[in-house]
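So, here come the structures, one by one.
Both complexes below contain subunit A, partnered by subunit B and then by subunit C.
Presenting the complex of A and B:
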């Protein structure tokens, strides 16, 4: 029996070494973020709530400020780190955007802890790579919730603050359920509170939270907007449909579902929030293996069969729903929101140049817009 | 307060992991139980080492 025990212990050590090395590498892999020519200031989120300093919840905040004063927009990527189109959209703007009027503030990895935690048990890849003209840019595949290594234990039921709505225990680690947060709450409540402080102190006019959603989920391929943002969202939806030929309908933000960015930011600040959703077939349940390829091209034979039976909420054919299309949609909708808002409030206008729109991203691929980190000065590269 | 509770959970995990290992060591007959003890130990060890 002793021999069997020793053999089993050796097998355990081998399993722990192999899996532990891969998971450790994933958690500690650094993604270089290149601050493009438009970036004027870079701060940590802990600037707005010092208790975040030094924790995995702290993250970089990039400011792109124009020569002329104007309005301010906050763009959030990786609220859910398993919806990487948010991160890629934010990085395209950070690396390329040049602001003429107003200020664009970008947090590309809003739930930084979630970007260092994934679901190998669900067959998620640990990394994914975007092809560029200078090679492949490698990203960590994250998760919807923050890592339990940074916020643990989970409560039996998460009680939202301050509305006291009962939510799933997992939502205590989901930064799209912890708005507006509190300074002495759980780490993810502190993250959203720090962002609320940023919105209030910087007098932010618009907040755009970028996501992806399943094709079988009705709230997909849309702009989610509360009452105060609905008119602007509708104008943008109609404009992109007419001018750029893609659908992005408007979904009302439910007033009784608490903790979401599109609800609480509008209720607890002067800013107008918008949550953008693009279809991400990778997140649907009835798909084939959760591979890097499915994440990037969104092509799946099971979803195709379901689409023919009209079970999906978006048009779906053999071309799938590739990452370029998802990022392109987000960029066009973001630019159109800024354009329409600037037209309505010229004294708070936000004018940004050099950011590609839908057709350009679909034509060239999102990787075309990423700068090779080895060609820029090291002081322009940021690692979270 | 949150960090104190988290520290307690690490202590609880270490205690339970020790108990499981002790049961593994005392088991004299059933190999399937030995395998089960080790399978249950994996997530606890990964958590204690702050890997997963």
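Presenting the complex of A and C:
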């Protein structure tokens, strides 16, 4: 009996050592972000709230400023680090975009801590790779919430500040529930407060928060917008459908559901917020194994059967919902938001070039737009 | 067919096909009627599509008033909607050019954006039945007062359903009494609006995309 216990103990130690090493490697793996020719300034988010400095919650903020003054847009990627289309969309703009008028501000890894954590029990791949012309670019696959290593302990119930709405305990680590945040609150409340300070101090006109959502969730393949952003969002939705032939309907931001970017940014600043959702089959529950392939191509036989029974909220066939399509949609919707806003408010126009749209990303693949870090000067490469 | 030489059969068949191809779209695309300002927009079923209609009017440069749940008394009060203010479950926007149409000017056109949303109706304290009753009162008032009714359905198949479903009841409440129907092809896949238009002799325009309504509205209010 003792011999069996010793053998089991050894097996347990081996399992813990191997998985511990993998998790350590995941948490410490660095993703190079290449500051493209349009990047004029790079700051840390702690510039707007010094208490974040040196913590895992701090993250890079990239500025792409035009020669002509104009409006300002803040783009957030990886609010949820298990929805990587947000990160990839942000990186395509950072590495390629050149601003003629106004300012584009991008935080590609808004919940930096969540990008260094995986979802316990769901068998997520720790990494995924995007093929490029110069090899594969490797990314960490993160989680929806910040790592408990960076924010602990969780409360029994998260009480939203300042509305005092009772939310799930997990939402204390979810930066899409902690808006508008507070300077002396939990680390994730500090992250959103710092972003609110950025929005207020820089006089940001538009905030675009980029996500992915399940195909079985009604709020998917859409632009979520509060009352003040609804008209612009609707015009964008109509335009991309007519001009680029993809659906992206508008969902109203519920006024009584607190803590979300599309609600609080609008209520606590002058900016107009938009939350973009593209369908990500990987996040649906009734799928096969959560593999890197499912993450990238979005093809799953179980979802296909459900689609035939009309249980999904988006069209779904054998082609799945690939990453290129998701990133392409996000880029086109983002560019169209800037275009329509600029048309309506020419004195606060934001004009950006060299960013691909939907059809181009679908044709070439998102990896086509990533720059090989080994070919650029080291001072152009940023690691969080 | 004896009088037709065999060699002309092919030509005759070809001509018939071409004629059919040319006539077919005309069945759906009738001449665009003219409507007058001032115009009020509202929802039939409280879906988000009334926002789409409002934005399209803005793109077309047409000034309008909007109320999501007006009843006859409010419509009677004319332009400016009696200075009512928005509140929970009740939204008002006044953009009509008051220098041309002072407050109180009777509306000459009402645009209904058709599409049922239980969430939308719930937020305004309505049920399918009370929404139907409200629409009937407005339609009756419009018909008695020669107010031009434009019925718009741009929500596609998502805002259609089985006979008797919420969306179809909203269509029944407005479309047969409209003076003009505009729909997207997605909304009219089953030809329901075409059938209503034919049965009631109502002009109907079918467009590919909701954005195409910008051009249509410009022409309607020219």
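Quick note on the criterion: the second predicted complex is superposed on the first by the 374 of 384 C-alpha atoms of A that agree within 3 Å, B and C clash if a C-alpha of one lies under 4 Å from a C-alpha of the other, contacts with A are read in each partner's own complex, and residues count from 1 in each chain.
To be clear about the criterion, a contact is a pair of C-beta atoms (placed from the backbone, for glycine too) under 8 Å apart; a residue touches a chain by one contact, two chains touch by 3 or more.
Remember, predicted model here, so these are calculated numbers, not experimental data.
Engineer: When the two structures are overlaid on chain A, which partner does A:37 contact: first (subunit B), second (subunit C), both, or neither?
Structural biologist: Once the two structures are laid over each other on A, A:37 reaches no partner at all.
Engineer: Check the residue A:231 against both partner chains and state whether it touches subunit B (first), subunit C (second), both, or neither.
Structural biologist: Only subunit C is touched by A:231; subunit B is not.
Engineer: Determine, under the contact definition given at the top, whether A:5 touches first (subunit B), second (subunit C), both, or neither.
Structural biologist: Touch partner of A:5: subunit B, not subunit C.
Engineer: After superposition on the shared chain, which partner residues are touched by A:242: those of subunit B (first), subunit C (second), both, or neither?
Structural biologist: A:242 sits against subunit C, while subunit B stays out of touch.
Engineer: With the two structures laid over each other on chain A, which partner does A:252 touch: subunit B (first), subunit C (second), both, or neither?
Structural biologist: Only subunit C is touched by A:252; subunit B is not.
Engineer: If you count the residues of subunit A that each partner touches, which comes out higher, subunit B or subunit C?
Structural biologist: B
Engineer: Of all residues in subunit B, which touch subunit A in the complex?
Structural biologist: 2, 5-6, 9, 24-25, 28-29, 31, 34-35, 38, 41-42, 45-47, 49-52
Engineer: Which residues of subunit A touch subunit B in the complex?
Structural biologist: It comes out as residues 1, 4-5, 8-9, 11-12, 15-16, 19-20, 23-24, 27, 117, 148-149, 151-153, 186-187.
Engineer: Looking at the complex, which residues from subunit A come into contact with subunit C?
Structural biologist: Against subunit C, subunit A makes touches at 230-231, 234-235, 238-239, 241-242, 250, 252.
Engineer: Residue numbers of subunit C touching subunit A in their complex, please.
Structural biologist: Residues 48, 51-52, 54-56, 58-59, 208-212 of subunit C touch subunit A in their complex.
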